[in-house]
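So, here come the structures, one by one.
In the two complexes that follow, chain A is the common piece, with chain B as its partner first and chain C second.
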Partner chain A sequence: MTGQGVHPMVAVTLIGGLLTVGVYIVAVLDATLRALVAGHPLQVGSVLTGPIRRAALLATTASGDTERPDAQGWALAPALLAGLAAVALATVPLTPQVSVADPSTGFVVFSAAIAFVMIAVFLHGWSPNSPWPLHGAYRYGAQALAFQIPFLLAMLATTLPAESLQIGEIVRAQEPLWNVVRQPLGLPLYLVVGVGVSFWGPLNLPDAADLAGGTTAESSGVGALLWQVARAAMLVAVAAMGAAAFLGGWWGPWLPAPVWMALKTLVLLAALVASRHLIARVRLERFVVICWVVLIPLALVNVFVAGAWLL
Partner chain B sequence: MGVRATLARWAAAAPVPTFVVAGFGAREAAQDLWLDPRIVLVAAPRQASVLLLAGDVPEPLLQAAIRAHDVMPAPRAVVAWRTSHRAVTERFPTVAVAEGPQPAEALVAVHRALRTGDQTSTPPILADVDPAPWRGEGPYGQGGSGMTGGVPYGRPMATREDDRDGLTLDALPVPVGPLFAGFPDGLSARITFKGDLVHRFELQPNPFAADPQADRDDPFVRALADPVPIAELEVARARELLRACARTLHLQGLDALAVRAIALAGRAGPGEAAAVRRLGRWVTARWCTAVQLRRVGRIEPAALDGLGVGPVARAAGLAEDVRTDDPAYRHLGFTALTQQGNDAAARLAQRFDEAVQALELAGRADGLRAGGNGAVEGPRGRLTADGSPTARLLELVPELVTGREWGDATAALASLDLDLREAASRSADVAADPL
Partner chain C sequence: MSASWVVDVLFWLLAAGSLVTGWLVFRTDSMVRAAFWLLASFVGVGAMVIMLGAEFIGIVLILMMAGEMLIMAIIMVMFMMNPAGLNPMFMVHQHRASIVAGTTAFLGLAIVAVLTSFPDRPVASGVDATEQLGFELLGGSMLAFQTAGVALLSTMIGAVVLANRQGRYGSADEGSIEPDLDPEPSAEDPGSGTVSDAAGGRS
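And now, the complex of A and B:
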C-alpha cells in the first residue's frame, strides 16, 4: 500500500470514526482511573455514560463572551488542534494493508502536525483577551519549544532501522525486533514529551489549576467541549504513533494485525491517561531545563546507538 | 426538538459544574463537595452553571460573587446555603435557598430544573458596560501615551519596565482574587507579572475582616478558654491537616488523590492512622509530588523562629509547639516532629506525619483534657485570643512570592495553609468580643 492510501471519503470517515472512538476511550479510561485513585467505588454504568452526559451539558451551554475577544481565532483553535490530531493519526498505518495515508514522508508530516500544536494552543490562549488564558498560552510556548526537539529526535531514531521516513516501513522493519527493545531510550522519551504535546497531567502547564484553567479559563459551551475533545484526540494520535513506531505496530503472534495495533495503542493510552492522576504538575522552569540538559542529549545518544546498531 | 430534548435530558444527568464562594463556616462543607460524584467544582466561573454561596459570605466576597455570576454562561442559577439570607437576596433576586446539612441536593435539583426548562437562567446583575470609557488618546487610540502604557477601558496594558536582571520585559499588572481558585479562599492581591514571574505582589485587605464572625464551634478556639478533650482536639487537627494536604494536591493537578485525602479527613479517627500513613507515603513519594515541590516556597528559618506557625516552622526544623509545654500532652509522651526540608514538599510530608501523630495521640488520650490557658496549638500554629498563625504568615507572603514563577508562588501559598477567616476572627478587634 505504499503511498496509495484510500478514497478520500473513506479516509475522512475512518479517521473521524477512529478519533471518536479514541476520544470516548480516553474519557472512560480517565473516569475509571480517577475512581480507582480516589478510592471511589467503580460504577460501570456511570463511567460509560459520563462522557456523553458531560458532552451534552457543554453542548447545551452558551459559549463564553469576553470583552473584545478574537472570535475567529477562538473558534479556530479547537478545530486546528483536532485537525492536527487527525493529520497525525492519518499517518499511522493500521494494518499491513490499511493505512489512511502512508506517504513516503510520513515522519515529516507527523512532525509538522506536532509542531503546529503550539500554534493551536497559543491561539486558544490569546483569543479570549483575558490574563489567565494568555498566561497559559505563553507557558505553552516555552514548554513546546523545549520538548519538540527531543520528541522529534526520539521519533527520528526509529526511521534509521527502517531506512525510510515512511511510517509503514518503520513498522515493517520491526518484524524481527521491536524498537522498544532496539532503542530502549526511545519509548520513555517519546511518552514524556507525548504527554507534553497533549498538555496532559503532569505537563498540563497551559491549562493548569494554578491558572484557574489557563487557556480554558474563559471557555464554555461548545468551544470548551471541542477543546477537550481535540486534546483527547491528540492523546490518541500520540498513543497510536507510539504503538506503531516503538511497539511494533501490527506485529504480534496469534491475534489478527488490527487487534494487536488496537491493544498496543490502548496500553500506551492508559499509561498516558494515568499520568494525570499519579504525577503532580511539573514545574515549568525545571521541565525546560530537563528538556535541554537531559532529554536532548539522551535523545541524541539514542540516535547514535540506533545508528551504530545498523553498522 | 427531539435532539434538543434528548441533549437536555443527558445534560440534566451530568455532574453539576459549580463555582463555590465559601464564607464563614463553610470551608469544610465546600471542600466536601469534591466527594460527591454528582458535583464538579470548577476553577473559573465561566465553566460553572451554578454559583453556590455557602456560609456567611462577607460583603467584599458578595461583590466579587456578583461579577463571577455575570460571566457564567447561560443557563445559570444561584444557590445559597447557610448564608445571611437578607444580604444575599438583596443582590441575587432569584436565588434558591438550600436547607439541610449539605448543599449538594439543592445543587442537583436546581441544575436539573435549569436543564429541563423548569427554571429560567438568572439575568445579569450588573450593567454590561466598559469599566472605564474609551479615551481615544495616543497614536493608536489605546487611551494613553506611547504604543503601550495606556489603560484602554480601564484595563492596564503591558508596559515596559526594567527587570531585576537588566532585561526590559513587558510588565502586566493583574488584580488576582478574592475568588481565584489557585489562592487560599479570599486572598486577593495586585500582581505585576513579567512573563511567568511575579514581579510585584501587593496584598489586598482580607475580605473576611469586613464582617468577622466568631468561630466558637472550633475546638481549638474553645480550648483557648476551657480545657477540651485531647482526643477531640487531635482528631480535629488531623482532619484540618489532611484538608490542607488535599488543597495542595488539588493545586498540583492531582484531583483524585485530593479526593482520597478529603474522604480520609471526613472519617478520620484513631483507627485511621495507618490509612493516613499509607496515603502520606504514596503522595509524598518522589515521583508523585516530592520532586515537583522540592525547593518551592522556602522561607529563611530565622524569619519563622518564634513566629508560632506550626507545621510550617516544624517543616523547617524548628521544634516549636505549644503542646510541648502542656502537662497533659507531656503525660502522653508528645514530642514535636520536625523536617529539614523547609519547602513545600517538606510541609506536605510534615502535615501527613502530624496527622498520623495526632490520630495516635487521640487514640491514647483517654479522657485527658488540654487548654484553657489562652494559647493553643492549632492546626496552623499558635492560636491566641487576638493572634492567628495565618495573620503572621500573611506578613511573609509578599517576600515569599516576589520574583518566583507563578506555579511556584501558588504552590508556596498553598503550602502555608492560610485561612483568612481565622485571621479575621482572631484579629485584635474581634478579640474584644468576649468568648
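And now, the complex of A and C:
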C-alpha cells in the first residue's frame, strides 16, 4: 500500500489549490499558444492578466434565462463537471509519499469520473430547454460513447505491467521503463481521448461554434464562467493522469519527484491545449467512425503488445 | 481511523438517498429526469456496496450506470417522440397492475430479507478484495464468467448485425425481403430470386 492518506481538509485544500493553479495555467497556455501560432507578438502582461479580467467580467455579467428550463440541472452541471475533475485528479499520485486517494481500484475510479463527464455535459445541454444546447448534448452523447472503449483499453494496458489497478502501482512499475516506450500506442490514444473528454479544440463538438456555442449557447454570467473553469479543470486532471500512467509520474533523474510530476503534467497540458490552435475541428460522424473502426483495434493491439511484453 | 458513527450516518444517508431518488423516478414528469434520478439511486447503492468492502464491484456499478442511464434516456426520448424529454408527460400507467406487481415484488423481497440468515463473516482489514476478486474471476469462476462474456459478446454482435442497414437480403432502404422458400423458379415468374421481383410476386 502506498501513499498514506492525507487528512481530509488537507486533501480538499490540495486538490482545490492544484485545480485553481491548473485552470489558470490552462488559460495562460491557451493565450500564449494562440499568439505563437498566429505569429502575434506575445504581450506578457495581457496574457497573464487576461484570464482574470475575463473571469471577472463573466462573474459580474447578468445570467440569462430560458423558457421553462430545468434550473436545478442547469446549476448542477458545472459543479458536477468540476467535482468529477477533482475526483479524477484525486486518484493521481503526486509523489511517492503523497497521494490524495490511491485506492486499489484507482483506475476504475478515474474511469468512472470520465464516464460521468457525459452525464454532466448532457445535463448542461438538456436543462436549458433550448435547441442548440440540446444538439450539443446529443453530440456529446455520441462522442463520449464512442471514445469510452478506446479510453478504457488504453488505460487498461498500463495496468498490465503493474499487475494492479492502483495508480500508485502503475507509476511504480514504470521505474525501469516508462509506459510511453513500452506501449507506444498508449499515449497518443490517451491524448486523443483526453481532448475528447474535455471537449477541447478539435473535439469540441458539444460546445462548437457551428452550434452557436452548443451546450453553452444559453449560458452567460457565472454559469458560463463555472462551465469554462470546470472544463479547464478536466484538462488538468487528464494531463496529470497521462503523466502518471504513461510518462512515469515522479520518476526521473536529478530533479526531485514532485518537480518531475509537475513538468510532465505541464508538457501534456501544453500538448492538449495546443491542439486547439493546431488542429481543425473534426466532424462528429468522422470521429465516431474513427473511434469504432480505427481506435478500438489500435487500442486492442496496444493491449496485446503490453501483454506480449510481459511474457 | 474513522469513528463508527460516521460510517453509520453515511450508510443511512446513502440508504435514504437511494430510496428517495428511486421514488422520485416515478414522481417526475420527464423521461430524462427519471433516468437521472435512477442514476442517482444507483450511485447511492454503489456507494453502499463500496462501504460493504466490495470496492471494485461498487465503483464498476457506478461506472457502468453513467453510460447505461444516458443511453436509456436517449432511447426513451427517441421512442416517445418527445423531442427534448423536457415536455411534461405522465410517467405512470396501468395503475392497478403496477400496484399489484409492486406490492408483490416488495413483499417477496421483504420476506427473503427478513427470513434469510445472512452470513456474518467480517473480512480482515488487510485483505485486498479487488485482488481476491480478480483471482476468483480468472480462477475458480473463470468458466462461468468467460461463458457469460462470450454470450454477451455474441449478443452484441447480433444486435449490430440486426441494426445494420445492409441486411442479408439487400439494403434496408429498398426494403430487404428474404427470398421464397421454393428454390425452383416457376415458369411464369422468370425473374424470381431478385429482391424487387420477390416483393412484387408476394403482393
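One rule holds in what follows: the second predicted complex is superposed on the first by the 308 of 311 C-alpha atoms of A that agree within 3 Å, B and C clash if a C-alpha of one lies under 4 Å from a C-alpha of the other, contacts with A are read in each partner's own complex, and residues count from 1 in each chain.
By our rule, a residue touches a chain if its C-beta (ideal position, glycine included) is under 8 Å from a C-beta of that chain, and two chains touch if they have at least 3 such contacts.
Just so it is clear, the structure is predicted and the values come from calculations on it, not from any experiment.
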Margin query: Tell me the contact category for A:V181 with respect to chain B and chain C: first, second, both or neither.
Written below: neither
Note to self: For A:D70 in the superposed arrangement: first (chain B), second (chain C), both or neither?
What the structure shows: second
Check: If you stack the two complexes on chain A, which partner ends up touching A:S46: first (chain B), second (chain C), both, or neither?
Finding: first
Check: Which partner does A:L255 contact after superposing on A: first (chain B), second (chain C), both, neither?
Finding: neither
Check: chain A residues in contact: does chain B have more, or chain C?
Finding: B
Checklist line | Which superposed partner A:S104 touches (first chain B, second chain C, both, neither) | finding: second
Next item on the list: Name the contact category of A:A38: first (chain B only), second (chain C only), both, or neither.
Entry: first
Margin query: Under the stated touch criterion, which partner chain does A:F122 make contact with: chain B (first), chain C (second), both, or neither?
Written below: second
Check: Looking at the overlay, does A:L145 come into contact with chain B only (first), chain C only (second), both, or neither?
Finding: second
Note to self: Let me check the overlay on chain A: which residues of chain A are in contact with chain B and also with chain C?
What the structure shows: 138
Next item on the list: In the complex, go through chain B and note every residue touching chain A.
Entry: 4, 6-11, 13-15, 17, 37, 42-44, 46-47, 49, 71, 73-75, 115, 130, 153, 155, 172, 174, 180-182, 193, 195-196, 249-257, 259-260, 263, 287-289, 292-293, 296, 405-408, 410-411
Notebook entry, point to check: Which residues of chain A touch chain C in their complex?
Noted result: 68, 70, 73, 103-105, 108-109, 111-112, 115-116, 118-119, 122-123, 126, 129, 134, 138, 141, 144-145, 148, 164-165
Next item on the list: Spell out the residues on chain A that touch chain B in their complex, using ranges where they run on.
Entry: 33-40, 46, 49-50, 52-57, 59-64, 67, 131-132, 135, 138-139, 142, 201-202, 204-205, 208-213, 216-221, 224, 276-286
Next item on the list: Could you please specify the touching residues of chain C with respect to chain A in the complex?
Entry: 30, 32-33, 36, 39, 55-56, 59-60, 62-63, 66-67, 69-71, 73-74, 83-86, 128-131
